[in-house]
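Below is one structure; the comments refer to it alone.
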């Protein structure tokens, strides 16, 4: 499977970088490739989904979304924590998503968790409903609904 | 050439063969075969009598443990000759007697095996020159005696009797062993001959007296001297041939032999004189006094044996005084006590052996030895009666029998001792003849009891299980032979004196020159002397007391049975057992905490105690590394986390706090520049925490512990104490700066081992062996966990040990 | 200057750990403690990074990743323990 | 180079691991493990004799010279321990074949026994104090597993105590090592000895030596024996016998080694303390030996008594006393194994554990009964069985050095030993037979043969004392002259 | 409602590979940087533990059908076996040796017997840790 | 002060920011009323704090030693990847173990699904 | 620094000892865990907290901190892990069969 090949390259790359050598050496890469073969051989039954290099761009974009969400939510929480009197109304609300498949759901859940004021608590067995705990339910619900389409789109760019 | 060694070995070899022979020849009583052994040995020894009498000795050495000076050296001289002849001679007669006494239904192979074992051991005792070898055989006689007493071990009394005999004689033996070792320390030799030859060097040694006491303990226990005599009556549980052989004629004489043998070593000491003669006298009296009250004939003979052994012992004590004077005209007179001792040793074996056999006949033929059920047997059992009377009268010390001769000499010796001008004997010496005379009166009384209550008086067939009849001829042969000796010696005493006693006098007084001087001519009549008057007194008063026996016998009732030595022995054992159970249960509580408390306390007391006592504490901050705020905070975190563990109400909290500790330590490993440690610590801590969680699903949650506050305080004190000791010693260690560590060597790791990570080079190479074993430890633990969980013994397939 | 800042940061991280420790001790629930423990782990990561700078060594950078891994695994383990009473299931429901 | 001296450790380990793969094949496991142990006996004999000609042998692992690397040092003292330990293990294995049951054999019994003996052998041979700690742990872990093998209630219960106490003692060991490294900066025992001699064994080092004394006393059961009776009473017989014979001996060995090689400069403190501990051990062991009816408990307290006795030899600390202790240790390993096998066999035959619940076994099993008698005499020190020579020499040394209290306690204790074992013999072996021939559990050959072999051993050690006296005196000479050992280790190749 | 572990499992798939790679790296690079057989083995074991945590035992064993106690045993054999190898070459037990070779592709490479030894250590650690965790988890 | 020193100072300030962030999140887990709100603080502020300090360290090593430390990068990725998952798991576990929401909470749409019997 | 660490060690030892003297087996096991923490710190501290460098020859120059104690601690850590794993399982197996985790109830009788 091409995905496995990719993963193998990934491991080899990782390997090379781990050496912390002054320059990137093909020999090191090759050693890492062998290590990767061993690992993937042992673990290949776990590997089931696809992974494409050309989606790198989408991935990077997604990562940036992640980081910015994280920063925003941290600021928000800090404000709340440091405010002299806590003025929050926590609660749990639901959200139904269009996304399908493990990777998409996982990515969205992680994004939502990093969204200011919300943590995904449960995914229903069908995998289309999130139960989200909100720090301050009014504001979080609004935030989530506002940005969720953006997230879903970014994720689908990577996965589909 | 006859070798004495051979005489010792033969019985053992035959003993080993007995079980096989027994299986082969079921039909013939195996006793016949066994009897050949002592007869042969007796004849062999007898052939040597003339040459030994002429002063010749035989020595032979086989190496055993030469590096420890322990060699198998045999030594035949006059003294050992007497015992050797007794052992083989009486042995032959006893075996002959036993052939008729023991039916083939008994487990004869065991009996004769033990008997031969004993015979060999006893010969070993008397023929050994090496103290250690002597000790070996000495203990073997105890062991074989144990087995013979417990021959009918399904009887409880037999087992208890055997245990008592074994405990007392082996304990004495151990004391004697210590004495022997001390002798070796003083003289640097285990050879008795050499010790005697260099005795002058010993007497001044600080250990001389302790050694003497210890050796005497061995002798006294073996020869049933007061207060150790209590085992002998119980030993009568053994079959009667055994009683006749071991417990009157031979084994109990081993102690006598030992005292005689060591007289040249210790005899010159005042203490020896007093202890040997004193203990002998007390035993003499106590044995005879108690014999009178017995109703079991065998018990009576046992006490009588004790008494007679006391007599011989006291004579040896009296005789030792000659060594005070050294060889001179006057001192010869005192050696006659010793001469009498040896003489009586033989005489006693003859008449007591005969008497035991007589009692055995009664027991065997009539089914009882209780004098209250016996009487008037004279007419039904004429031969038995004759032998019994001869034995009794000899024991009573009446003329026509050998006992008279030696008894007279005994009286003479006790009177003589008052003339000695040492040890205040001129005033104190009077007690010897007095005790001797009183004891002889009692002896006379019990001898009369034997004769009159058994053979004379009314017959009581209704009290007997079996019809009255004379014993078979075979059973009578041995006692008759012995009574022939009893009478024969009376008429020809000097034959014995010249050939047997004379050479042994030389063994006891090696410095006194020609033994002929020490060998008086024995006469039945030597004029009206104090001893004769004493004998007459004994007969008169004894007869009177016997007449009035019923009147004064209640005196014995005054001696409460609770205060007898036997009761003390039994109480001691049961007290020891119950008390030891209490004591041990008190501290072996089965509670882990208690055991840990002991260990911690011991640690605090010894390590902490010595640390302070010795002033080892020292402290200095000069070498301390500079400290940063965050480090202090982290130390605080760890301290708080640790203390919080004590107060956490859930196991989960405590486990997580332990995790915090572990992680914090990892940070300290970072701070202290130990990267490998930090990595390992982190992973191990996490996996450990995971293991706790895993195990928690199989364990109940914490309950509130109900611990008394006293326990809590104890625990707290111990905890703080332990922490404090660890800290203080550590501070002192920190301040101890004398040596460079060896680790500079490892800094060459790259050249030496090709590794730049020094720690890893140590683990993989310099100390790779540790690592290898550590992997093994881990493996064992893993496999052990697997086994404990997965491979449980199911019900039903437990091992056969637990059926 | 840089060093002072770094030591200040270290002290702050250490203070964080103290506070988290308070939460571990107080609880009240196990998840509360797990959250606090996770926080301690994450702060230790930061501390190791800073100490590495202070000591001018990259010898401890492995420890950072390991600590990340372990904090994650511990949290999973504790969550499962809280949620299901066991942390490794023989056969899960689905 | 003397690679052969690592074999007593490495062969059992490797064979043990291989046997893990052969778990289902019980017969194969039996054969291999027995052959291994017999091989070990042969190797030990070979090494022991090689020492007599070549002097002390040493093996620097990885070729790293002392004091930097780890090394094994084989002197006569160590090898005598190794030799007897391996003989006893081989014999206990034979007993296990027919007693422990196939289900237990499949619980990796043989691997664990092999690991145990590997740890024991390693502890005897190592010349490095930290490596001693590691070897202890190999032995301990194996013993932890063996004590629980089969997992009966009582086993699990007692093993907790055993394990916790040993964890504590291992901890003390590490603390002591930390102190020692903090002061002397080295781990090699010869090097430690040299440095202690150089610096003088001042108060601090003496304090540390007392900590070592505690550590090894916990292992040896010297005074701190609380773990012993319980844990020796619960495992299957073959294991109990191994424990009875071996475990305390490792502690004893370590005590002798440390207090003759390293901490011998302040005998008035350390050796006096050892003497006091030995004396108290003799007393309380003696009290315990007559306190109970359970044959295994009686046997266990007999172990305690012997520990006290052997340590008297160390307290007295002369060449003669060392010789005595060595003789006595060898005797004790064999006789204690025999005693525990006998106790276990009695329980197996009757299903009872207390002596007053059994009776007259000698009529059902005559040969077995006589073996009980032999072991009784042997342990009581009745000559010419093996206990005698050691007793003699320890006694002599005690006299020469004026240690009369210890002398008295040591010799009185052997009376107690005699009494405690006579109780077994008279109550259970002698007496009215209560087992009818139909109800008789057959005594397997595989159970009596090992007992007989041990009996032969005790007779041989006694009668044949001269055969081993050369080795023993060589061992004692090394103990009393630390320089011999130091020279062999640090004196160049 | 049944638990849906989709998030955990999905993330674990990535994370496990990171950990495994890191584990092997630690094991191999230990000679010169922190790491080595022990720590490498422990990290590898953690990865497997993570698999067990996020999946169930049956599932993992289907994908990773190893008898871990035999893995551990093989590790011990390997570790002790390298020591024993010294005997064949007549050098002291546990002698490690190292050398630099010019290998195609790899260039100048250091090869040492310690690596074999450490591989044994790592295998043993993985085997033991997983055996312990599995044994407890599988117990009723 | 040259460029490198400036960047180093910047890295140090990044780290300082991270440490302040981390103290704030720690205050959060003390101040916030229940485990769910506390986990917000832990998964977000705390994660950001560590990302900041790791980035600071990464920059420092890059500038100071010319080292692009993949181990640090990997650490960053790892924390980034796992923090939300940890938050998700722990709150789910808390809820299923019936740890109460704070009384101030308004809606709870999960209660009906998970514990219908509580009604 | 050393003095402070040693004081910390003392606290750890005291706490561990108190835990070990408890009746609950888990507290005892936790106590042993704390004990091992304490002794690892002790070895490291007494081995010399020099201000030397990390003992990696490629990383830094001499002087290095003493590497030997570190190696010893590594070994000790692994061993105490093995022992802890074993006794944890032992504890719960004992609970399964004896029905109690209370050491007082696990005393057994001497003469049963």
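To keep things simple, chains are lettered A, B, C, D, E, F and G as they appear, and every chain counts its residues starting from 1.
Please note the rule applied: a contact is a pair of C-beta atoms (placed from the backbone, for glycine too) under 8 Å apart; a residue touches a chain by one contact, two chains touch by 3 or more.
Per UniProt, the chains are A = Na+/H+ antiporter subunit E; B = Na+/H+ antiporter subunit A; C = Na(+)/H(+) antiporter subunit F1; D = Na+/H+ antiporter subunit D; E = Na(+)/H(+) antiporter subunit B; F = Na+/H+ antiporter subunit G; G = Na(+)/H(+) antiporter subunit C.
All of these numbers come straight from a predicted model, not from anything done at the bench.
*Asks:* Give the fewest steps needed to get from chain C to chain D (Na+/H+ antiporter subunit D), where each step moves from one chain to a chain it touches.
*Replies:* Shortest path length, in steps: 2.
*Asks:* Going only between touching chains, how few steps reach chain F (Na+/H+ antiporter subunit G) from chain D (Na+/H+ antiporter subunit D)?
*Replies:* Between chain D (Na+/H+ antiporter subunit D) and chain F (Na+/H+ antiporter subunit G), the shortest chain-hopping route counts 2.
*Asks:* Where the contacts of chain C and chain G overlap, which chains show up?
*Replies:* Both-contact set = B, E.
*Asks:* Among the chains, which has its CA centre at the largest distance from chain B (Na+/H+ antiporter subunit A)'s?
*Replies:* Chain A.
*Asks:* Roughly how far is chain E from chain F (Na+/H+ antiporter subunit G), going centre to centre by Cα mean, in whole Å?
*Replies:* Taking the average C-alpha coordinate of chain E and of chain F (Na+/H+ antiporter subunit G), the gap between them is 31 Å.
*Asks:* Taking each chain's centre as the mean position of its Cα atoms, how many Å separate chain B (Na+/H+ antiporter subunit A) from chain F (Na+/H+ antiporter subunit G)?
*Replies:* 80
*Asks:* Chain D (Na+/H+ antiporter subunit D) to chain E: how many Å between their CA centres?
*Replies:* 37
*Asks:* With chain centres defined as C-alpha means, what is the inter-centre distance between chain E and chain G in Å?
*Replies:* Whole-Å distance between the two chain centres: 25.
*Asks:* At which residue positions does chain E touch at least two other chains?
*Replies:* Expected reply: 1-4, 7-8, 11, 15, 18, 22, 26, 32-35, 38, 43, 46, 49, 69, 73, 76, 80, 83, 93-94, 96, 128, 132-133, 135-138.
*Asks:* Could you list which residues of chain G touch at least two other chains?
*Replies:* 20, 25, 28, 42, 46-48, 53-54, 56, 58-59, 68, 74-75, 78-79, 82-83, 85-86, 89-91, 93, 103, 106, 108, 110-111
*Asks:* Which residues belonging to chain A (Na+/H+ antiporter subunit E) are in contact with no fewer than two other chains?
*Replies:* 14, 18, 20, 109-110, 120, 122, 124-125
*Asks:* Could you list, by residue number, the parts of chain E that touch chain B (Na+/H+ antiporter subunit A) in their complex?
*Replies:* Per the touch definition, chain E meets chain B (Na+/H+ antiporter subunit A) at residues 26, 30-39, 42-43, 45-46, 49, 69, 72-73, 75-76, 79-80, 83, 93-94, 96, 98, 110, 112, 114, 117-118, 120-121, 124-125, 127-129, 131-133, 135-139.
*Asks:* Flag every residue of chain C that touches chain E in the complex, lowest number first.
*Replies:* Per the stated touch rule, the residues are 59-60, 62-63, 65-66, 69-70, 72-73, 76-77, 80, 83, 86-94.
*Asks:* Which of the residues in chain E end up touching chain F (Na+/H+ antiporter subunit G) in this complex?
*Replies:* It is residues 1, 3, 7-8, 11, 14-15, 18, 22 of chain E that touch chain F (Na+/H+ antiporter subunit G).
*Asks:* Which residues of chain B (Na+/H+ antiporter subunit A) touch chain D (Na+/H+ antiporter subunit D) in the complex?
*Replies:* Going by the criterion above, the answer is residues 63-68, 70, 132, 135-136, 139-140, 143, 150, 153-154, 156, 159-160, 162-163, 166-167, 170-171, 174-175, 177-178, 181-182, 184-185, 207, 576-577, 580-581, 583-585, 587-588, 590, 592, 594-596, 598-599, 602-603, 606-607, 610-611, 614-616, 618, 726, 729-730, 732-734, 736, 738-743, 745-746, 765-770, 773-774, 776-777, 779-781, 783-784, 787-788, 791-794, 797-803.
*Asks:* Per the contact definition, I'd like the list of chain C residues that touch chain F (Na+/H+ antiporter subunit G) in the complex.
*Replies:* Chain C residues touching chain F (Na+/H+ antiporter subunit G): 1-2, 5-6, 8-10, 12-13, 15-16, 19-20, 22-23, 29-32, 34-36, 38-39, 42-43, 45-46, 49-50, 52-53, 56, 58, 61-62, 64-65, 68-69, 71-72, 75-76, 78-80, 82-83.
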